[in-house]
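All remarks here apply to the structure that follows.
Per-chain residue numbering starts at 1, and chain names A, B, C and D are given in the order in which the chains are listed.
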Amino acid sequence: MASAEADALVISSDPLHPANLIPELCRSFYQLGWVTGTGGGICIRTGDKVYIAPSGVQKERIEPTHIFVLPYPQPPPSPHTDRVFLRRPTSNLKESACTPLFWNSFDLRNAGSCIHTHSQHAVMATLLWTGPVFTISHQVRGTRLLVMSTSAVLRFPSQMIKGVRIAGTGTALSYLDTLEIPIIENTPNEEDLKDSMAEAMVKYPNAAAVLVRRHGVYVWGNDWEKAKTQTECLDYLFEIGVKMKLAGLLTVLNE
Amino acid sequence: MASAEADALVISSDPLHPANLIPELCRSFYQLGWVTGTGGGICIRTGDKVYIAPSGVQKERIEPTHIFVLPYPQPPPSPHTDRVFLRRPTSNLKESACTPLFWNSFDLRNAGSCIHTHSQHAVMATLLWTGPVFTISHQVRGTRLLVMSTSAVLRFPSQMIKGVRIAGTGTALSYLDTLEIPIIENTPNEEDLKDSMAEAMVKYPNAAAVLVRRHGVYVWGNDWEKAKTQTECLDYLFEIGVKMKLAGLLTVLNE
Amino acid sequence: MASAEADALVISSDPLHPANLIPELCRSFYQLGWVTGTGGGICIRTGDKVYIAPSGVQKERIEPTHIFVLPYPQPPPSPHTDRVFLRRPTSNLKESACTPLFWNSFDLRNAGSCIHTHSQHAVMATLLWTGPVFTISHQVRGTRLLVMSTSAVLRFPSQMIKGVRIAGTGTALSYLDTLEIPIIENTPNEEDLKDSMAEAMVKYPNAAAVLVRRHGVYVWGNDWEKAKTQTECLDYLFEIGVKMKLAGLLTVLNE
Amino acid sequence: MASAEADALVISSDPLHPANLIPELCRSFYQLGWVTGTGGGICIRTGDKVYIAPSGVQKERIEPTHIFVLPYPQPPPSPHTDRVFLRRPTSNLKESACTPLFWNSFDLRNAGSCIHTHSQHAVMATLLWTGPVFTISHQVRGTRLLVMSTSAVLRFPSQMIKGVRIAGTGTALSYLDTLEIPIIENTPNEEDLKDSMAEAMVKYPNAAAVLVRRHGVYVWGNDWEKAKTQTECLDYLFEIGVKMKLAGLLTVLNE
């Protein structure tokens, strides 16, 4: 499993190789408060290979040799195994609990990378946008804020919306477009979010991310640069949306 | 276009060469939250050459070879081209959408550098100072706060005002001076801000910056040090102005 | 006392040796605001040796040679000395005032590492959860928030609870479990917290940490990784708990 | 003036030499938001020599060769010069406007170092503690908060008080002691603060710092370590004091 051939999948002198990028990006995400306490993570898919950091480890201290590599697509499940790997680390590291959720982004959006954060901006957004159905209208430029209890639509104009792409992998939104991010409820086991996340992605085909109540957010893109850029833009929007709400700004705009 | 001669414009062992400084400063601005999600940017003009970072890229990962170089002033527009370049990167990088706005700072203020941030402090300031005409008087030392709906004047005493220069390129303000920063409305295409930004700069000839509602701020100076210093001072003033407003401090001062 | 033999206890080329790790981790904790002003600290126990940083020094500038090494368990107290050391630094550094509190984590939980922070999130939590007995019910998934005046129990669902272990050294909590962190009152001398901390640890046998009112928090784990991870998770929970409380979110959930 | 002999005063391979320490500490203070926009600064006195950073420069980019060196005490003023220097940088750098204020800390407290920050926590504290005479009683452990209009006394128990020394240069305060920090009004020219700062230091002989309304704080100590430690402790106390006030915590305690 961790043969020399398998290890070659994660050894490269190219700093942009996924096995080198994932540790570097995780260190940066740690500084942003997105992956503290071993939470959060990132996967990168290059064609038929998926690179994923292990579960339950300090994300800012990951080494390339800690990376799991999986084939994409996965072969049909067999009675012997849940999941097939091209490479597993030798140490007793566990595969990421996010794996089935990352797979949603590949299967439903053909994404090349998916980022999961526990950002407090994302979590506070899921706590302040609680529904059942909440509407704010008459905002500048005719946009609206609409929130539902099990899935939420945030609508307010901000330059940062232009950094988000339709469905996460399409063309960029314009300043006048509406940004829609569904919110799903958390479950005790991260794997169990797979179905409700997929459901939200189907119901909101233009959504570039899925928020998980009291937990965090999943954001994807065509490649790691676009996934990272969109995660930054959405995190910015969650942060300023929370600030606006706490400052009573949206209520004023509702009048 | 990216000939050896053109490339020589961005290759230097001097860390203070604009092609080296722009990547370094962008990394620093990223840490401050000013240019996340590929937003924001900086240009440096040294006499007849203007150095600008490309559009839509991760600002904290720019390399000197990514820099565009343009002549200043630009030759008259021809039917063949909108803009003339001394150097374009070989990769398929797009020129900055901020270019016409940076040009305003050269043409109207003779600036040597202009910085554009998406700082949340700037954006929150544009959301809390909403007008139509709002006046706060009887503040300490007789200064006043005055805000209009399409352009705003912030007036409150703070030591950091002394770091801002009259018109951005003149002598430093004193502690007792009034700081005036106009706010213009955002547009779907960044280029379309050119005229309203120019209008605000003419209407407020002493302004060292222009805020853009729900978007960010443009700040200029005689050189990159002065542009950076003023951006820091203004960002500090936006941040503490927002804190004061949310703490009810300005309202109290209005009595 | 600081003989060559004793010095060998803190000299190693292994970056994961406790004498190298403690300075590195303290620099990182300083960046997080946990150990500014010489406050806070960390100890690591490897079998029968305990490594502790000195008291009253700038935690972000500690060198391996500043580390104290103590035997565990300590020999019975003699009339000549309060505490036995395997190594003391040559310079006039004082032993950590946290030593008896760190010892609680060894004696009562068999911990391998204990972290003490002055994080403002922890302190604000001790100020906002003030009791005497305060209950919030009907929260999502039936969890409850319960606070008592001299010891507090915080209960609200969050993904980050999964990063905390039962008693700090047991199995991980599930998303549906209740997180209990007792709060004890501060004393003028840090050493005098020993008994009330031990009492709280006995009264709350599942608690992974003890908060100290107007002071900070002590968090332990089986080793330094698990102690650090749990400190990050708890700090995250204190921070978002304070944000929720200030946003009126818990009050709403109480209805 | 900048002869080889004078330059030797700022050239050293010792990282703890004041000419090396000042640039390093200023970079660290910049990260903390204390000296952005060229504001703030630090001086270090070693016996009869005072090392000071220049005025109006980017504090995070200072080099050892930018440092001014002055004799302490200064010779009596002559008709030819205001101030005597042992070394001035060759470039056209201006001496620090803080010089007379730093001198207060030497003359009145025999300090070895003085730090000046524009920290927003300090400034917000000067805006929220506005007097005329404001008293909060019945706090935990019998401490009180007392604020006057032109000088303020902050009193609330916090572990971080133990990091502050009586008069800034004496023995450490205990957890039960009262922390007193006078607030003086700002003036257009920083030099003009000299007399009111000295007056406040005489009136509050135990104060370890002086706050300047809408401006920042001056903190001193026996050496740079103690000045830095106390600046961190006080900044922590200003920050959490502001948080407590905005959370309504002090008002509740007043009842």
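Here is the rule we go by: contacts are C-beta pairs under 8 Å (C-beta built on N, C-alpha and C of every residue); 3 or more make two chains touch, one makes a residue touch a chain.
Nothing here was measured: the structure is a model prediction, and the numbers come from that model.
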item: Chain of greatest Cα-centre distance to subunit C; value: B
item: Gap in Å, rounded to a whole number, between the CA centres of subunit C and subunit B; value: 44
item: Subunit B-subunit D separation of Cα centroids, rounded to whole Å; value: 31
item: Multi-partner residues of subunit C (at least 2 other chains); value: none
item: Chains touching one another, given as label pairs in label order; value: A-B, A-C, B-D, C-D
item: Residues of subunit B touching subunit A in the complex; value: 36-39, 58, 118, 120, 123-124, 127-128, 186-188, 212-216, 246
item: Of subunit D, residues touching subunit C in the complex; value: 140, 157-160, 163, 174-176, 225, 228-230, 232-233, 235-236, 239-240, 243-244, 247, 249
